[in-house]
Amino acid sequence: MTNKESIQEQMIKAVDTVRRTNPMAGSITNTVTISFVANAQLAVGGSAAMVYMPDEGEFVAKAGGAAYINVGTLLPIYEQTLPHIAKVLHAAGKPWVLDPVAIGIGSLRTQLLRKFKEYKPDVIRGNASEILALAGLWELDGGTAVSNVRGVDSTDVVSTAKTAAVALAKWTGGAVAVSGKTDLITNGSIIAFSHGGSHFMEIITGSGCSLGGVVAVYATAASPFIAALTATAVYNLAGVRAENRADGPASFQIQFLDELYKATAADIANNPFEIEEV
Amino acid sequence: MTNKESIQEQMIKAVDTVRRTNPMAGSITNTVTISFVANAQLAVGGSAAMVYMPDEGEFVAKAGGAAYINVGTLLPIYEQTLPHIAKVLHAAGKPWVLDPVAIGIGSLRTQLLRKFKEYKPDVIRGNASEILALAGLWELDGGTAVSNVRGVDSTDVVSTAKTAAVALAKWTGGAVAVSGKTDLITNGSIIAFSHGGSHFMEIITGSGCSLGGVVAVYATAASPFIAALTATAVYNLAGVRAENRADGPASFQIQFLDELYKATAADIANNPFEIEEV
Amino acid sequence: MTNKESIQEQMIKAVDTVRRTNPMAGSITNTVTISFVANAQLAVGGSAAMVYMPDEGEFVAKAGGAAYINVGTLLPIYEQTLPHIAKVLHAAGKPWVLDPVAIGIGSLRTQLLRKFKEYKPDVIRGNASEILALAGLWELDGGTAVSNVRGVDSTDVVSTAKTAAVALAKWTGGAVAVSGKTDLITNGSIIAFSHGGSHFMEIITGSGCSLGGVVAVYATAASPFIAALTATAVYNLAGVRAENRADGPASFQIQFLDELYKATAADIANNPFEIEEV
């Protein structure tokens, strides 16, 4: 399992299975990047469905192979929809991905994110500040009591979130992906560091949100750790390739989505990463 | 009327009238593809206005030459807004286009779509599964009792929805457009089959939604059947042209919108289609 | 202050400060162009945060250097959120930008826009019809009693809104930017006319909305007048440059965002404009 070749084989299998089966991963996500999330999910071979209402969330959660919850732009109805869908996913044993965007802003966000502790998201994806703050909110090792999140931006570097990421993964029994210059992905017992990406990913909205949606697509066909690592790898690969062809942030985003679509399973598995034991 | 040259003349007139008069077609549509819908409407020469509130829907319905209702991502307020605007449009004799996206998901969607039967949308646009399910919900010929819709995807081919499409068109007195590999457009007495498009249209979000918005733009200047056929034709034409210049789904979408803008009335009318009597 | 070189120096300083400090300007804005607004803010060097809930709006208002309120697509919660955040911004002395999109449509929009009079937005940006109608709603000189807004489109030319723009700027003590073929920016005592842009800006959604968001970014680092003029200048510059490389409206929008990112402070300050005393 901790063998690199074995991991790469599982990544290849995840990519190929998704391309062959076109799995659906529904989302409740923010309105800023909702289109980017859906198009990224489609580009890697998945299918998307976005909803707001509680019973629609339940339907999509049950019908899909996995689901994605992103708390970026909360609406009043989310107070009912989000706990309900998280409970349904957890009870059904369906993998789900949580993106705790902008944790610390507003009372509903805090209330919802606290509640998610018991529904154990299979993958948590965030920047370092978000991962530190979520571990703090859940009273786990390595967490911070006060959020350093500034709007949607991280003010911490990935390495500072290592203990928090491991603690979160141990709590959920799933995986945690910390996005940054070098990305950290852990299942609580091993840690992968994935390389690549582009500085343009900070100058467009939705790099992180759409990564979460793509993790959910791969989670229909692989373990949480492999899903998170595979999605991170294709993002890093597509980021490097797109930057080479981009003239600015908007052309980068177009090229990036095209590269997500064109990346082969072998390319993705061979994107540079290292493994270490926790 | 069933003469192909006469139909092409009407298509040319619709395209030219829209380009000359910049007609407004307001929308209540989903948040995933709302930007694509508006930009497609603008690209063909129309004007867009998107709203959520009941009285704003009424204003836009009355101010515009036609309107578009897409139930893709329902919000709680839609329970009031959608029946109200449909009633206003029907009472005012304003053409309106319905896209029954994801019919079968959730109770509010079913309730709203059932209600729309009495307000007779002038054009109904959907994939085969959605058309079959809507005919079923409205208890018309050829409908299916159970929805085969999977999220937003069709699991049925266009030809299976022919009877349902004709029945829906006869009920509304308008037209129905079934999107798929070959698109079917009918007014209940004749059927047009329109060719072209691109496989990329399945790998981006909003091909169908934005087509509905463009149908509404043409419905300000032509009969429901001509509006649906003209919009489908320019989509098929732009799809073919964009695919030739695209490197992946995102560059396809950009090229596609550019081609909507550049297509001439004659090009659109000459995009391949056949006619048959029902 | 009315010296052109002095104004250009302040524009250069605003651009450089934003690029160096990456200031956050939160928004409550419409769902059609929300992604464009955020990406334009990022392209010029700012940071974005979009929210809907009242307490989140308050958090973002206090955490950011400025804020942006765009009433394009109202949701029910806005009845609480918008007056609250405007009050917080005014009380905190934080610069904020108002875009009175589609003024005249619906009762909530009128109620909110009337209320904003007392919270004196530091910059008001709109097309001529919107500026005329807002001055009318606030019972200021040059306003019109009846809105000529057609959906989101202007039916009036910029010059007709000169008196209304000056009156609004005098009332708020800030600046007003009227977008059109030649853009007019005034602080109530001097008027700048800014040139450039592209006809494609009328054929895509969000040129105006995203300009408002970029004004808010510059308002974190400059006076309302300089912020509005600088944002208008970079829009006019990027519009000209993007049109030269565009093949249609969608490729224009991509090139436009890239050009926002690439424009230098000197380029922006040297974009053609004239000054006159009121």
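Chains here go by letter, A, B and C, matching the order in which they are written, and residues are numbered from 1 within each.
We adopt the following convention: a contact is a pair of C-beta atoms (placed from the backbone, for glycine too) under 8 Å apart; a residue touches a chain by one contact, two chains touch by 3 or more.
Remember, predicted model here, so these are calculated numbers, not experimental data.
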Copies chain A and chain C touch via same or different residues, half shared test: different
Copies chain B and chain C - rotation angle from C-alpha fit, nearest 5 degrees: 120
Distance between the centres, which are taken as Cα means, of chain C and chain A, whole angstrom: 34
Touching two or more other chains - residues of chain B: 31, 35, 75-76, 253-254
Contact footprint of chain C on chain A as seen in their complex: 30-33, 35-36, 72-76, 102, 105-109, 150-153, 203-206, 247-251, 253-254
Contacting residues of chain A [partner chain B, same complex]: 24, 26, 31, 34-35, 38-39, 42-43, 47-53, 55-56, 59-60, 63-64, 75-77, 253-262
